[in-house]
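Dropping the structures in below, format is structure tokens.
Shared between the two complexes below is subunit A, which has subunit B as its partner in the first and subunit C in the second.
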Partner chain A sequence: MPRLTRLLRNVSDMTKQSSNLPEAYIKRAMDQVEWKTPNAIQYRQTEIKRRKFRFTTNRPWTQQFRQQNQPGTHRKKVFLEPVPEWTFFKGDRVEILVGEDKGKQGLVNYIVQERNWVMVDGLNCHYRYIGKKKGFPGMMVKSEAPLLVTTQVGLIDPSDGKPTQAEWRYTEEGEKVRVSLRTGRIIPLPKLAEETPDYKTKSTYKVQEKDTSADQLTSITFEPQLKTFAMEIAEKMGIKEDRIPRKSFWY
Partner chain B sequence: LQHYSSNSGSPPTLQLQQWQPSNTTAPTVAALQHYSSNSVSSYPPTTLLLQQSARTMSRVSALVISNTRTFSTTSLQHGKRNFRKFLMYGKRGTKQLKKEMMTKPDPELAQVFDRGVRPIGEFAGKKFQIIPEMIPEIIVPNLEGFQLKPYVSYNVPDVIQGEFGPQDLFYAVYSEKIAEDFNNNKLNEDGSPVEPSKEELLTSEEAKNRALSMCSDIL
Partner chain C sequence: MTTDKYFKILPNSAFIHTSGSHKALSEFFDNEKNWGESEVKVGRAWKLDELRIKSNEDLHKLWYVLLKEKNMLLTMEHAAQEENRLFPNPERIDKVEESMKNLEDVVKERNRAYWLLETGETGERPSSLIEDELGREVHKMFDEHPVPMDHESEDTISKWQDVRNFQRLMKEKEFLEKRRALRRVRSHVCKLLRRFPDVDMEKLQQQYPEVDVQALRKRKDSRGHHDKNLS
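Showing the complex of A and B:
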């Protein structure tokens, strides 16, 4: 049965890019095979596992996500407005358009593209208690609630500081940029957009002792020779072999 | 099932007929015998037991079915329509046989649980003899002063290199000499060089023999 795995279980590009994890790992971590037919000739090789996931603020490779998408859990369908070109990045200045914090501006903290969500630093918060025990009411924690990118939040135009809709367009040089639809002003990408758990920006990454540096990587030391791999090693190790094997034929 | 007609007029649920075993040939399986009320005989498990009371021989008092099996023999599934997803394992063989198989496994059928580790010797009876030639000799180059590390730094530009194929190897080895000969008019009419180099004198057979002598491709 042809299955379109192009979407990788609908894990979004933003999640993959900001995690720095290989796609094969994410796929493997999300796999929870409920039942697999035995490996015998009379069985058709199939497995029963989840194909539609409930995406949350927990990343798809985490244990909490696994718990939320356990086999047997059935969640209602989340109706999403399809956003063909994602315009929100981490560190973007954004204004909240609904709720208690309506009119307030803040920086984007966290993105869940699979739900069209964005969390603004310190805004649209609620209080909750964690670590509740007998006799201990728990620690109060302030946590942001997610906001829908399509209706509840707007990118701020740098020219006037007011919320707008943005679109991706090409400049004269051929660079793809975000453009405010109201004024036409280019909204530059924030520096934090390329942040990952491994580095803040690629250029500021500190080379560790187990990392190959740039000059080592780009230097070419290969010298093409008319020798097979085994012949080259034998020459280097001083192994001499004059015997020629008997002729063999394939029929 | 054999039909038996009753002596009385009332129609029973099952037709009963008196049957004399002496008239027929050797008794086969599922042979039902006419017997008196006192006699008790054992029957093979696949037969239908009919118990008749002494007074009413015509009427069947109790019908006991024991150990009958049903199966599907429709041609479409070749009789394998049932039990496709029920994993019934451990149903074959008696307990004694299974115990024997666990304690005294047949050497031919015994599964080898080696997890893919290659043996370095052979079993001579019960004793294991190590054959030194079977111990693999791993040749590892000296990595002193080796610059490449296991990971790559993030602040490095992407290196995109094309595949180095046999044509590229040909160009690397022969192209210079061919160009030189062409420019100095040292090529014959058919294109072969007047002063062939060591590589140009190499025939395909000789090249194959050299490669195979070091490492045969059948391995």
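Showing the complex of A and C:
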């Protein structure tokens, strides 16, 4: 079913990758199950749950996201121009093509692939008040507004510093690279692209208490033997099993 | 003494189950320095390729390490809920579960290799696509029985007409669902064309292979409030 596959593709790869969270957790945190059949043989397993979500700058596992997608809320469908290959990454230099900051260049600091959005550090900003209470007017903060990657921003080609369209291609060594369509030059991925809340870069990850050390992780202890898992463990523990099971029938 | 006779077969070590540190019940709880923390950082789950290079004994040990960790996390989650407090980093549970799933997959992989080599069968629970009572194709996991299947005692009442009726209705339902889904995609693509007249048609076709985008372009519902309409 085409419709089903499209619905399952809800949370984008960029969001998953930048969060460094397991997919099962994101799914669990997003779930809004209203009713589910008991897990028993007499029921045809069905569930009533929210299937359409409005994605915003709030990440799907956050409380704010849950609040924006409260049960009973219905938002209009958002139409997105298809972007089959995502080419924007955190830390990329882009030029803004529309609005008040048109022609200015900046670094991408936030990506919402579900909406084709990027946010550019310190550009295309608006002001808003937070913490407004009775007797306190709130605090004014400056925050970036999202821009559409299809029409509103252009990736900068490092060879000439001008905006361009980009595409993924393979080098002769079989490496996947981002290439500028205008000049054909490679646009290298920024270091910030692999940043997650757990580490800035993979090499600078700080080892936590319960982590397995790299030596232990990469040491090869497997030796192929003509035994099943249970047979080998039983032998190691000194359990002898020589009974022959009775013939059984499967149907 | 019959029990003595039985227990003598196994060495004593098989019955003693010890864990690294003898903390008894408190092993169900997290380290005390993590209590009340708002964030407890951990690494990622074990990947399949990392588990494939480990010996069976290592995997066996790791399974119990993971199981203890999962028990601990579920206890802490429950305790936090009881106290109406925040359980830090709930994704830890999913990471442990993912690791356990990967570990089980690797063990199954090894067992399957052994059985295929020795007997030519996978050694797993047999299953196959069968036609059920209503004439639907379903994937059935078989059960183990001590005696072979008795074909004679099966229900001999003819359900032929009922099954035919059911099949007809089911096919109709499937057809309607399919048509509805296609219509939904078609209308979605028309709305996209209306909103984005400059859209790359090839990319659009790539994303919606079940419809003919060029033909939809000419439709009335694809006309937008701009001068890029085709007809």
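The criterion applied here is as follows: the second predicted complex is superposed on the first by the 199 of 251 C-alpha atoms of A that agree within 3 Å, B and C clash if a C-alpha of one lies under 4 Å from a C-alpha of the other, contacts with A are read in each partner's own complex, and residues count from 1 in each chain.
Just so it is clear, contacts are C-beta pairs under 8 Å (C-beta built on N, C-alpha and C of every residue); 3 or more make two chains touch, one makes a residue touch a chain.
Bear in mind that the values here come from a model prediction, so they are computed numbers and not experimental data.
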Quick check for you: in the superposed arrangement, does A:203 touch first (subunit B), second (subunit C), both or neither?
first
Return first, second, both or neither, reflecting whether A:130 touches subunit B, subunit C, both chains, or no partner chain.
neither
Applying the document's definition of touch, where does A:211 land relative to subunit B and subunit C: first, second, both, or neither?
both
Let me test your reading of the model: by the given contact rule, A:248 touches which partner, first (subunit B), second (subunit C), both or neither?
both
Using the touch definition from the top, say if A:38 reaches subunit B (first), subunit C (second), both or neither.
first
Subunit B versus subunit C, judged by how many residues of subunit A each one touches
C
Determine, under the contact definition given at the top, whether A:22 touches first (subunit B), second (subunit C), both, or neither.
second
Between subunit B (first) and subunit C (second), which does A:236 come into contact with in this model arrangement: first, second, both, or neither?
both
Taking the superposition as given, does A:226 touch the first partner, subunit B, the second, subunit C, both, or neither?
both
Give me the intersection of subunit A's contacts with subunit B and its contacts with subunit C, in residue numbers.
198, 207-212, 217-218, 222, 226, 228, 230, 233, 236-237, 248
Considering only the defined contacts, which subunit C positions touch subunit A in the complex?
9-11, 13-14, 31, 41-45, 50, 52-60, 69, 90-91, 93-95, 97-98, 107, 110-111, 114-115, 117-118, 123, 125-126, 142-149, 177-178, 181-182, 184-185, 188, 191-192, 195-196, 199-200, 203-204, 206-208, 210
Which positions of subunit B touch subunit A when the two form their complex?
80, 84, 87, 139, 141, 147-157, 159, 164, 168-169, 172-173, 199, 202, 207, 209-216, 218
Which residues of subunit A touch subunit B once you look at their complex with the stated criterion?
38, 42, 198-199, 202-205, 207-214, 216-218, 222, 224-226, 228, 230-231, 233-234, 236-237, 241-245, 248
Counting only contacts in the complex, subunit A reaches subunit C at residues 1-3, 20-22, 24-25, 28-29, 79, 81-84, 150, 198, 207-212, 217-223, 226-230, 232-233, 236-240, 246, 248-251
